[in-house]
Each structure stands twice: as C-alpha cells, then as structure tokens.
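Have a look at these structures, which come just after this line.
Okay, so subunit A shows up in both of these, paired with subunit B first and subunit C after.
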Partner chain A sequence: MTTTTERAFGASVARKEDARFITGQGRFTDNLTQPGMVHMAVVRSPLAHARIKGIDTSAATEMPGVVGVFTGQEMADAGFGGIPCAWVVPDSDTVTPPHPPIAIDTVRYVGDAVAMVVADTDANARDAAYAVDVDYDVLPVVVDVRKAMDPDAPQLHEEAPNNQCFHWVVDGGDVEAAFASADVVVKETITNQRLIPNAMEARVALARWDDAMGELTLWVTSQNPHIVRFLLSLDTPVPEHKIRVIAPDVGGGFGSKLAHYPEDTMVIFASQQVGRPVKWAETRSENYLATTHGRDHIAEVEMAATKEGKILGLRAKTWASMGAYLSTASTGIATILHGLILSGSYDIGAIHEDVYGTFTNTTPTDAYRGAGRPEAIFMVERMVDLVARELDMDPVEVRRRNLIEPFDDGHEVATGLVYDSGNYVGALDKALDMFGYEDARKAQAKAREEGRLVGIGVVTYTEICGLGPSEVAGAVGFGGGLWDSAIVRFHPTGKVTLLVGVSPHGQGEETTFAQIISDQLGVSVEDVDVVYGDTAKTPMGWGTYGSRTTAVGSGAIMGAVSQIKDKGVKIAAHMLEAAEEDIEFSDGVFSVKGSRADGKTIQDIALAANTAWDLPEGVDPGLEASSFFNPGNFVYPFGTHIAQMEVDPETGEIDFQRYVAVDDCGPVINPMIVEGQVQGGVAQGAAQALWEGAVYDDDGNLVTGSMMSYAIPKAEFLPNFELGKTETPTNVNPLGVKGVGETGTIASTPTVYNAVMDALAPLGVQQVDMPLTPERVWTAIQEAQKGGQ
Partner chain B sequence: MQTAPFDYYRPETLADAIDLLSTVDGARPLAGGHSLLPAMKLRVANPPALVDLSRIEGLDGISRNGDSLSIGALTKHAAVAASELVQGDCSILADTAAHIGDPAVRNRGTIGGSIAHADPAADYPTVLTALGATITVTGKSGDRSIPADDYFVDMFTPAHADGELVTSVEVPVIGDEQGGDYKKHRHPASSYAVVGVAAVVSASDGTCTAARIAIGGITGTPERAEAAEAALVGQVVSAESIAEASSKVAAALDNPLGDVYASGEYRVHLATVLTRRALADAFIDAGV
Partner chain C sequence: MNVSMTVNNTSYERDVEPRTLLVDFLRDDLGLTGTNIGCDTSQCGACTVHIDGAAVKSCTVLAAQADGASITTIEGLSINGELHPMQRAFTEKHGLQCGFCTPGMIMTAVKLVESYPEPTEEQIRHGLEGNLCRCTGYQNIVQAVDEGARLTEAHSPFESTPAEHQITLREAERRAWERSRT
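And then the complex of A and B:
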C-alpha cells in the first residue's frame, strides 16, 4: 500500500500483473474460446525453395472433423492481398516483392505456408494437415547473407536481381581524410549471427467474423494491436473501422510479435469462409520456422585512430539478411536503427556505412531485442578494443579519450543524430569502482603468469530508443507515426482507469503507469487500472517496441494529468469559494494555500465532477482527459558494462565469473522492474555471445530447430549480475525518463565478447565467431599455438 | 494431434504389460516419456500403440542386495539422486542422476527408460558400463541378466528382445579403496552429454589395482577405454600415470559422432581431457 508520505515514483512497487500470472490465471490468446470456434492448422513447406506443381487437398478434406481446406489462390480470389512491409527506407532502392500469406506458386523458406486446414478440434486440424499432398519442383537454395549477392546465386524474387533488397548508405564527415591521416587502422569482419527470439508464449491468432454486422474481431499475440488493425485494413477486404484487434495478456515478444503475420489474415479468411470463429496456435517447432528471427549481419569494419588513441573514423560494409520476404519493420532495422548509432558514446568525426539488405531462403527477419543497435554497438565496441590492443593501451583509457563530454541539452554526432543528454564518464567511473577494475587487472596479470586465461571486457554504450518523433518516422520511411496516447478517466468514487495506446507484454507498465498516476494525482496505485491492447477500448497508439512504452507513453499520460489538475483546480476553487490562483495541489489534495486541512481531495473533485450538481460556470461535467504526445527527439540511454570471463585452455570452455552493469535510463519509476529488464537483457545479450545461434544447412533446413539444439541460457549458466545506475534525465519527455528494455541486450554481447577475447589476448587471438562455443574457442587456441611455434 | 494417432494401454501387472508388448503390433512401452513423447510429437516416432508402465507395482525402489544395489526400472532419476543408499554406497551414480537433464526430466524420467532407450548421449549407460552393472530384463520366459558391457549394442539399440522389458539394474557398490567419478560436457541446450566419461578405480597403497573407464557421447554406445585401463593397472597413481593412460582413450573412439555444436575431433579431445580429470577425482574418491 502506497501512502501519501511515500512517493510511488521511484518505489519498487510489486507488479500488479503478477498475481494473475503466478497463479496461472493470465488470459492469453490461447486461453480464449468462442462459441462454435474451430481450429486452423498450417501446412508448411519442408523445402527451402521450390515451385509448387500441385496441391492435393482431397484426402485432407475427407479427414474427421475437417470443415475446410484452403490454398493461397483461394485467399487471393477472396480479396486477401500480400502481407505489406511497413517500413521502406527512402534513397535505398528498396525492392518489396510480393508476400502472399500462403505461397501460391513458389515456396521460399522451410516453414512457408502452402495450405491451411480448418477442423473442429486442434488435433483433427493437425492430423488433416499431414494429409495435404503437395507436389514440389525443388529449386536451388541460398542461405548465406553475403553469398546471396554472388552473381551465380539462386534468385529468390524476380523483382530483386542479385537478391538485393536495398543498398543504404550513412555518411557523415570526411571519411577518406580520416583514414588517410590515421596512425593506425584496425580491421575486422564481424558476424552478428542469426538468433531466434523465443518468447515464452508462441504466436496465437483467433478471428471472429460477424457477417451480419460486417465486423471483424481478431485476438492476437501482438505488441501493437493498432498497427495490426491498420495493416489488416490494407491486406484484408475489411475496412479499418470494422476491425477490432485485441492483444490480451501476451507472454513476451522481444520484437517477434511486432510484425503483422500471414496467419493473422489466414484465420480471418478462414472465419469468413466457414462462418465460425477460427483459432490457430503455433507449436514451438512452428515458432522456430514461422516467427521472425533477428540479427544475421556480416560486417567488414575498419576504424582509424591516432597513436594517442583518438578515434578518427569508422567505415563499414554490412550485409543484412531480410530472410525470404520482408517482414513488417525489417528494412528499417539494419539501416535507421543501426547505421545512425555507429558513433556510439564517442565523438567519431567521420562515419560511413554501406548496408546491403539481401534475400535468402530463410525465415524472415525483423526486430529482436535491440533491433539493429546491438549489431552497431558490437561493431563500435569491438573496434575500440582492437584500437586499444593495437596501441597496447588499456581499453578503458581509449574509451576515456573518446567519450563525449557530459551534456544535458543535445549533442550532434557525425551521423546527424542529436543525442539528448548523457554523462558517459560518470557511468564509466561508477562501473569501474563497482568492479574494482584496477585490482581486477592486477589479479588478471597474476593469473596470466600462472598460465590462466582470464579476461576483462568493458563496454561504454549509448543507444537510441523511445521511438520517436513522428516527423522523423515519416522522413525515414516508417509507414506510421511514433507518437502515443493516453486517456485518464476518473470514476465517481475517485478510482481511475488509464487507457493507453502502447501495448506492454511483460514489461510491467500496468504497475509503472499506475505509479505515475499515483505520484502525480495522489491516488493509490491500487486505485488505478491500466487498460491497453484493445483497439476498441484504447485510443490510437503505436504499440510497444524500441523501448518506447514509458519514454513516449508517459508523455501522453503527463499531458492528460496536466488537464486533470487544471480542471481540479477550477472545481476546487469553486467548492472552496477561493480564487483559482490561490489553489495549490499536492499529494492528492486541492487546498487554499496554508489551509490544507480544509482542502478537497481528488476523490472529492471526481465525485463533484461526475455528479455535476454544482460545477463552476463554463466547466463541463466529468473528470477525464485525453492526450497525444509526439516526442521531439529519441532518447539515448547509456551506461558501462564490465565482465570477467575465464577460458579453460584445455577445452575452450568459458567460465562466466562476474558481470557489473551500470545503466542510465534517467529517473527510475520502479527500480525492481528496471533491474528485471536489465537482468533479462544482459542474459539475452550474453547468450548471443556464448550460446545462441540459428544454423541453416546448405539446403535451407533449420538445423537448430528446437530447444534441444538451440541453446537458450539457463539461470545456472550466469553469475549474479551486480547492477548499478546513474540518473541523467532527458528533456524529451516531461518525466525525463529514457527506455531500458533493450540496454542490457545491446551492451552485454560486446562486453562478454570483449572479455573472452581479452582472455585469449596473450595467445594473439582476436576474433572467433559467435556464439563462442567451446570448440570454436579451443580451435582458435590450437591455431594460435600452432602459429606461435 | 501433434502426435500421430495411437492406441493406449495401461496394464496393472508386469505380466499383462509383457503380454501386450508381445501381442499388440508395434506397441512401445512408456515409462517417463521424456525421450519417446518428444519424438512422437515431431512424428519422428509413430508407434501405433503405447503400453504405459506407470501403474505396475514393484518396479521402482532401491535396495541393497549383498555387494550390489538393486534399482527398479521405474525409479525416477530424482529418487536415485536423493537416495541415501545410493549416495552412500555408489555416490558416482547419485551424482550422475542429480545432473541428468533438468528438474522436469529428473522427476519424470526413469532409470529403466534411460537404459532401454540406449541413447549414446545419455548419462546412465556410460556410468553403468564403468560400474560393471547388470541389467535385468523380463519377458514371457522369465528374467535374464545382461552385463552393461553387452547390453548397449548400438545407437538406440539395446540387447533386450521385443516383448522384453528392463525391470531392474544391479549396480556393484563402491567398496573400500574404490572410487568413481563422472565428468560430462553438457550440451548447453539439451543438457545431454556431448561427451561423458565415467571412471571407476581401485587402488591399494597408492597403486592402481583395477580400472574401468567408459566414454559416452562419441560413438553409438558407451565405449570401454581398455587400453587406458590396462595402462593404469599396476601403476603408482600419479598425475603422470593418469595422463599417460588418458592419452590412450582416443584409440577406442573410431568414427566419432559430430554435429554443429561439437565435431568428432573435438569430442575425442574432450574425452582425453575429461578422462584425465575423472580419473584424478576417482582416485581421490578411492582415498589415494
């Protein structure tokens, strides 16, 4: 219970949403049922590239319980179009090939839908799906992001010669001059391997077509139901005002539930065809094939520096796999969310990157926690370490010589971004202190004398999130706005419903948003219900991704809060027979200055406003405010992470010994929730460095097709993370808050990687592909020792 | 369903189970289900019928029987790990059980199921081979005992016949001047042994008097490293003699398995290192 003496803002309030989750009472899409509901199963291609010669549905149609079997052509004939790509980056010659929800003549990845079966039960639908007989002509396959552009590579789309989806360039400063004047240039080929997002809940979609009303309801595991509705109005025959999209409790997304997927329109089509509600629930094996993957970049990177360690320039050529088709936000991730942040936390005078997006016979890629920024920060932070190694300097010292000085009102970098606020040295110093950096380096030197391979990795990152200014969204080709919305609604008893356009799915805003209302308006956290995820209830908004929910959503909440306060002052002045300018508001009480005991509580005001028996002239009944917030800039959280790892020289196994993270996301609303975000983010990012990696064979089969072969970290793999924070507010939103959902992931991959490479430094090893499996590390050690002999 | 359709039987007695397995075409026994059911959900295994053994009484439990422990086939891994009898008389086996899979696997999976599945990446087959355990199988014509050395014929291929069930395993206790240790390199996803090495040794006055070394995860079955064993016996136990013996394990590992996580060459290398480490700890356990 939060009392008025204890600010709700900044307190580790227990999550309001947890009671239902930990007692098994969450309401996820697959928990929902509708009268007369039937089930869809998807027939998927077992081949990565093939022409469909024929589809024989006759046996499946005869199977028990089957009410319909449908193909892509039938969907097209019914007016269902291709799945749109919602982000087409300008000045990049982006090609957007057709993406039919069900393949019509060609399949392009293992898992591509070729037919659907609708039956009375999920079991019958699956059984019948096995009975659909598809005749294929096998085509050659390409899975490698770079080889896809080879002249003789198999072609995926006739619209995209050489499998090139786009060529995008970021260019700032005089790169040629920077490299020409450098004392040292370090080069590396960096692979950010393909990852599988692995949300706890796989995808589910349930459509109910109401023919009499011409209305559609879609319950779906989405991070952004308003975007799904917008896109459904483009690729289904149903107009937007007749579509209601509901994202009930959603069990994590990590970006993989951002996209609008083919199955969304498939259940809608099926519901129209069979006249009954239709549900589809993905299996985990299906999820690995049919839900978007992340990363899959290869970059050739160069960094130029002076012999004093001053970084002069960064140049890169990067290939980014789009997979077989363009998913909703795919092209923006490897470009806008990637190349623009290549200055990291440093003043780098000249930056140039060419990014080639390519099509391969693989599952489409899209956002995955960090989305473009992890790949960029990995490149920067790895190259800074290579500069340090080349100059035989401590990597912390190189960073110190290049970090942007503290600033609180904007700092422009070579890519054109204007960072909001930062104190990078402050976070670095705090992390070094927490880690005991100097002592750890001394202990490392001693360990090395004993032949032990102990390494310390340091990363001073900055990222871009809180997406974002809508004008920028338009300018960079994002097919929507990036503002957000809130409605604060006081009921007669003074309880509050807060309706928001963002759509959290595990991040805890049911609690943190209630804390904001509590802090601002003096109602208890328990008296605030936060409603999201339903286009029929909540105002238009752009959803939850890019660590925008609090950074943008709180701006809208604060706008509504301000209106409530203003109206409260008017009503209180009337009730207290005082002038408005004599009324002050604090801790939920409107009072004449100096007479707090005689004041009116916000609950009094809510009752007066809602009954409207005696309101001042010109004041409308009700106590409700609606606000839209379009941020003037992105926000730029930052911090320093430090890891210590020890490599077993005999086996290549890595002992993950310590991890210190100091993150700055501005003022913290709920420290427990922020720590949880950092903990999970660090684990996911460390997993990219050490364990995770999606592997395709040359025929396009996903070799790591299940959790038996794709290694998600277990708690026992990880040390206890030591977390700290600094608080540098942004001026982009009223509360000064920045996003924290992705910082851990962005920082931890290079931190862990740098630590392992530091451990191997005495052997001369500077590059091993991720994930750093024991065999890869052992092989690198073997080769280094052979080379050294 | 996720699985192909199948018939389901749940007999109350061992005799009924054996009868069903002999008469129902293609019937497979179901114990903990942690290997069979995932394969069925992927439709890699499509048995037309399952015979659920869970209602049969008397097939679980652990007792001491002379110089052996007798462990019923339906004994869960968690029960083996928690058994004071196993911890005291054969600690290598309790330790092994405690590190199989994850808690869900240990609370459902059974020792008999693991043995009968004969997965080269499983832990029990390797450790039971090093211990010189004996597997009891029961069929229509009664019981027969098969030494672990002979039981694991090939990958997923046990020595029992169709219609026979593993009913218990007899495990020699670790006596005075004996010790054992099991080292495994766990797959980070599956927790299976990429390589598992079990060593059971005897030593008297600092000299090795007997050694059994088994290596799992590399070939189709647990492999006895006989050259390494022979090199140890009669030797004074030392870092050098252990290293010398360990260097001979590669010879026992022809045609090593490999996958995207670990190549055959790397597995053989790991076997050499883990053998040395397992032997060192086994001799400490033996009081050397």
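And then the complex of A and C:
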C-alpha cells in the first residue's frame, strides 16, 4: 500500500475493485432485476444454411408464463433495422450485406436467431422456445475460409459474389526486387485457427423501455457502452439522447463484448412490445454459437533473405473468415490491425499482402485479444525462424541482424506506420539473460544427444495498440472516433470523482486511474472514485479494447489534471496573497516557493472553490475539469518472450517447461496489475498454440460447442511465467505509457509454437497445424520417421 | 415442492419447481447472486459453494437434493465483516481480474487448503482443476491459495465444524442422495 513518502505511480497498490468481488457483491448484469421484469429466450437455427419456409408460434404462445413470441418480420415492421458493421475498410471493395437481428427469410449459421419468446421466468421462456416450430429448406453449406471463394461454393449473400467480403492490399517497398535478389526464400502456409473467446461471464442484456418518457435504459455486458448507444440510435427507433446504456461489472470481454449484438435490440423491441423490462441471459452453450469468435485466418507466406540472414521482403496471400455476417469491427481486424504491423520489430524493406475476407456459414468473427496482430506477429516470427533454420543460424542471431535500432522519436516501416519508440535489443538482451539462453542451448544439445526432444522458442515482437488517432480511424474506415475523455471533479471535502469514457472490465483502471490522480494531485488513492460504464454519467468515450484504456484514457485524465492545477494556482495565489508565478504545487500543496508550511492543500482549494465565498476575479466557482484527448499516434509496445518445451516422442505430449517474458509498455503505473495482464495474456496465447481451436463439421455444426469439447486451459496446464520489463516511454501521451492488455497473447502463440518446432527440428518437422495436440504432434513424428527411413 | 435449508446460518423454506438447480435457488429465490453461473455443463466452477462442509458446484445439485443441508456461499464466508483469510489472500496476491470466477475459486480454495494445509504448487494447481479462470493465467490465483493457506490458522474460526471438513465430495453427494430419498 502507499505511504506518504511513496509515489502512487509505480506502486503495486491493491485493487479498489476487489472488495465487491471477493465478497460476492459484484454487480454483474445477470445479478440485476427490475420490477415486473420478464425473460427472453432466443429460438436459434439448428441448421447452418437454410431458407425459412414458415414459423409457427401458436404452440409456444400457449405455453405457461409466455407473454409474447416475436419474429424478425415483426421487428422490421416496428422500425428495427439491421445490425450495422462499424468498419468499412477503404481502398477495398467491402460488401456489407444486411444483417437482420432475427433472420427473416434465410438462416446462415447454426445459432442464427429465428424468433424470440418472452415469459415470466427464464425457464418458461426456454421451454416455450422449444415449442416454436420452424420449417426449413436446407441449403448447401461452406465453412472453410478458402473454399468459400471456390467458383462452385454455396453462396451466402447475393450482394457478395464468390462469398468475397473484401480484397484489401498493403504494399510497401519493391517486393519483386526483394525476392529477385534474395539468396533464400522460405515459404509456409500458416493457419491461425478459429478461437472462441470464452469470457467467464456470458453475455446478458436487460432493457427497460419507459413509454411515458420515451426513454430507454439498456444494461448490457459491453466493453464500450457509448458505442452501443451510438449504434442503437441507428438500428432502433429510439434517438441517441433518449438512450442510456449501462455496462455494470463485466466479467471479462477479450474483444467478444466489443460488438453491438442482435440481442441488444431484441430485448429493446421486446420491452416495447410487452411493456415490461426484459432480460436475456445467454447460456454458455448459446455463447459458443452466438457470441463472436476470433482468428480463422489462413496465410500463404514467403520471406526473402540474404545468406547473412538479412530479411529483404515479406509477401503473403491471406484469407480471413468474417463468418456469416459482419460484426461491429470484423473487417478492420484482418486488414488495418493486421497487415500494417507485418514488419514486426524488423527493418523489412518490402512488404506486400493481399487479404481476402470471406463469408462462411459460421458464427461471425470479431476482435479476440490481439485482434489481427497475433496473426501478423505469428507470420513474421515463424518466418524468421524458418530463415534461421534454412541458413542454419541461431534464431536469436537472425533477429539481432534485423531488429530496428533503438529510437525514441519515430521510426517509419515499409507499411507506412511510424512506430513511436523502441529499444528492441534491450528487451532481447534482458530476456536472454533471464532465461540463461546460452546455457539452455548447451543443455538442449546434450538432451538431443540423449534422444530427448527439447525446444527453445524466441520471439521479438512489436505490436500496435492504444487505438488511436481519430483522423486515422476515419481514414481507415472506422465508423467512429478513437479519442477519449475524462472529468475530474473535486467535491467540497476534497474527495474526487473521476469519470472516464473508457470502460474497463477486469483490467484494474479503477485503481490505476486513481493512482494517476493521487500521484498528480496529492490526494490519496482511497479518496478517488473512478466512474465508468454508464452513458448517463460519463462523458462520451470509445471504450476499452485494443489496449487503449490507459494509453488514451490517461491522456484525457492528464488534460483535466492540468486544468485543475492551473485553477488551483490561481485560487492559492489569491488565498496566499501572492503572485501566481510564485506559487508552486507539489504533493497536494500549493505554496509560495520556499514556504511550503504555510501553503494550502488541494483540499483547502477544493473547499474554497466549491463554496466560492472569496474567489479571485474572473475565476468561476467549482473545481472540476473536463478533457478530451485525441492521440497523435498509436503506441507500440514490444518485448522478447522465450519458452522451453519438451515433446515426448512416444506420445506427442508437450511438457511446458519454462516461459520468460520481457515486455516494454513504457512507465508502469502498477506493476502488480501489469504483471497480471501479461500472465493472463500469455496463458491465452499459449492456449492457441497448444490446446484451443473451434471445429466445424462440413454441415456447419460447431463440434467444439461447449466447455466439454473446447479446451480452455486449467491451472494444471500452465507453469509459472518469469516476467521482466524494460521501460521505454512513448511521446504519444503525457505519461509516456503504452498498452499491455494484448502483448502477452500476441507474443506467446509464436513463442510456444517456435519452441515446439525447435524441439521437433532434429526429426525434420517444421510445420504442424495449431493447436499442437498430442495426436497431431505424434502423427507428425511418425510421418517424419517414416520419411526418414 | 417444499425445500428447507440453512444458508449462511439463516434458515430458509421455499416452494420450488422440482427441476430447480441449487444455484438458481440461491440466486433467484434467495437473492444470493454472489454465486455466479459461467457455464451449463459443470465445467467452470464459478458456482462452487459449500454443502455440509464440502466444495460442490451448485449447478450439479438440485435444490431438492440440498433439502436439510447447511450451505455456505461466498456471501457467508466473512464473519462480522471480517474477511476470510482466503478472501484477503486473493486481493493481496491479485488473484482476480474481472472477478467473475472469483467466488467459486475462493470457495474451492478454502476447502483445498483444509485438505492440504501446506499445499505444494502442484497440489494447488491440481486442486483447482474444476475451476476455470480466463483472465489471470492462474499464476496469481496459485499464489493467493498458497498465501491463503498460510493465513488460515489450523482451526479457523470461519467454519465451526472442523470434522465436517474432512468429508469427501463423494460423501457429500451420498448424503444429498439420501436426503433426496426421504
């Protein structure tokens, strides 16, 4: 805990938010009730592609407790429109087919809504949902992201010939020349398999329509309530100023609660129809079908290099599944958030990628922790390892020869991005030291002599986050801004309420933002209340995703802090009968230089400002400041991760032995919280490499449709991670901070994968599709041994 | 049907549908929403409570099966406002982020350290196999359980029937089954 002598900034302050969670007082949406509340259940398609011939709701209407059964046509008739996609990538031919909240004539994935039932209890609503009789004409199905573009593939949307959603290109430098002059070219087909986010809290939406006032309140499990309100003003008949969206405590998101979902509008429609508050609580089985998935990305990648290991160029042709419809941000993920970061941490002179977005009969995809960047960094980091293997060089040495030199004021890469600051070699050296890399390689050589398959994987990543400059958001087709906001409000007693437009849901900003205020204004962390997640309380802001909360949100806080300090100086000068330029402020005290003991505390100033009995001329009452911050650039965290894995040649099982992560997210506000973010991120990324993967059968059934068949890591699966950091500030925001929410996930998938492939290298294996299940690894070993005989 | 049970030292009697799960009974009938529902296949463990001294996923038990039982939920873990040592350990070691799995995690951990008062890391990780967390990567949860074990004295004042701690889950299930027959 902090003391008066310790700065709050940089201290591992225990979290303010914990008290309610450890005592069972969390305010999760499903814990909320409203007087007269009824429950909605959704009738979902059991078929991946079919025409709806008829919907018979008569039996369901007669079921106990049912107060209404509604179809998509009825929603459309009441003025409810299609769910909008908020990101239409320019310089592409993006097609945005209609996405009715409830399918009207065609269903396009298993889980597509076809009707809703409203009843007095959740159980009665679900019972009645089974009694809705839907008559389907089955249509052919395509689930594979590449096969979707075959000429004879079944067509999902008439607006999108060949199921093509878009073709987008990133191009920088002379790629043809780079490949023509290369000594070596390595090629690989890299699959970033479809993943299911699995936030521990499934989605919930509770709508209360107040007919007399024409006002709507929606409590919803969202990462960005202001965006939800903005989009609801487009697809419901309710105008934006009559909508209040509240995201109470949200039980994890990882990108899956970024989207504005059909169920948001369905509960609103239902509440208007039945005249009562309506709640929908997703079951976990529904969550697997109806909440967005991530990744599902295949790339044919080539890397060109000299025989000294200098990388000359990267070229890729990539297919990314959008699923059956476009979700809120889906098109931006496989394009802007992916292709632009393909240079990674390296000076690569030439980069070209063609990305094809396709529609398939699967659950829509959207952001999942990292969102586009894990796919890109996996491609780069895997190809660098293949170059090392081709040249018989240590993968660390190849990286050293290509890492961008340390810089603190911008570095442009071939894709056009200008990275903010970096010291990639510094992070690499620290990680190698922590890992004991040279000794580990010697031990590995010895193990190999004994016939053991021990592997070491290294990744030196850079990512792009802290989304971002609003001008760039507009230029890349994002349908909103990416600035953020803060209000610092001093109460008469000197206590502070900080209202922010971002919307954390587990990341801990209730504490770290209070630490910023404490550090800057000299009030204790306990005296600062951080308010977020309610559009009626907080200023407009763009929410929490893309590791933007601290990188952008803190900029707004600092703007408000600066105004508070300026006003404090004016009032203190008046109270102390001194000139403003003679007033200094430190540790919460305004004083004439050299006579701190006679100074006025910020609490004194807050009381004087709020009572306004004797303010200087021209100074308004109150001590409150509002600020908006539009960053001038993204931020670019980086680091080096190293893993050691051992494969059992008899069974293909993988022993996860060591993991070292050195991350640089700039100055750290709360080391405990940052380490927690890295640990969780590494676990999720490692899980992609080793365990997780969504599987559809050819008919479009989700085979991995529950926690019984989809392998979320358990405590036993993972080792303790060894964490280190370097601190390279950014000049993009006043505190120099970068984001850290996604670094672990972005870095760990290729780190773990490279380690396993390194273990299998003596057998000649260089590619196994993720997840690296024992069965797949064992099969690869068998085939390699057959080939070797 | 009519069920009665003691929850957090308070006696309750309610009329419920026979199909009512214990977790829904706790949340919807008693308003004890600290016990969360994270899945519908009994994998996630978010709904773990103590039934007659054993940690049990309350989605695997019908309210009717718990008739006559003594139940502790996360709301009943602290006594007179004083946190259970395991609750303190979770916040001190940053063993939670979004907080959704936390009540179930803590209820499991309390029983885990009763079985293993000085648990090894392996025992902790194995003991948590029925509880999923998506935020933390488990590292700080493992540390929290270790710390919680250290903070929990041999005879914790927080549950007054030490002998009950020793019963196995199977025994708790057997008792529930017996109760459901009478």
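Operating definition for what follows: the second predicted complex is superposed on the first by the 788 of 789 C-alpha atoms of A that agree within 3 Å, B and C clash if a C-alpha of one lies under 4 Å from a C-alpha of the other, contacts with A are read in each partner's own complex, and residues count from 1 in each chain.
In this text, a residue touches a chain if its C-beta (ideal position, glycine included) is under 8 Å from a C-beta of that chain, and two chains touch if they have at least 3 such contacts.
Everything numeric in this text was worked out from a predicted model, so none of it was measured.
Within the superposed three-chain model, A:G252 lies in touch with subunit C and out of touch with subunit B [touch as defined at top].
Shared-chain residue A:A76: touches no atom of subunit B or subunit C.
When both complexes are overlaid on chain A, the residue A:T651 reaches subunit B alone and has no touch with subunit C.
By the document's definition of touching, both partners, subunit B and subunit C, reach A:I712. Once the two complexes are overlaid on the shared chain, A:P774 sits against subunit B while remaining clear of subunit C. Of the two partner chains, neither subunit B nor subunit C is touched by A:M149. Of the two partner chains, neither subunit B nor subunit C is touched by A:I104. Contact comparison for subunit A: of subunit B and subunit C, C touches the greater number of residues. Once both structures are placed on chain A, subunit A residues 123, 283, 285, 706-708, 712-714 are touched by subunit B and, in the other complex, by subunit C. The touching residues of subunit B, when paired with subunit A in their complex, are 1-2, 4-5, 38, 42-43, 102, 185, 187-190, 259-263, 266, 269-270, 273.
Residues 123, 126-127, 130, 283, 285, 650-651, 653, 691, 695, 703-704, 706-714, 717, 773-775, 778-779 of subunit A are the ones touching subunit B in the complex. Residue ranges of subunit A in contact with subunit C, taken from their complex: 12, 14-15, 17-26, 28, 30-31, 123, 198-202, 249-252, 254, 283-285, 505-508, 672-673, 675-676, 679-684, 706-708, 712-716, 718, 720-721, 744. Looking at the complex, you find that subunit C touches subunit A at residues 17, 19, 27, 32-41, 43-44, 46, 73-75, 77-78, 83, 87, 90-92, 94, 96-103, 106, 121, 124-126, 128-129, 131-142.
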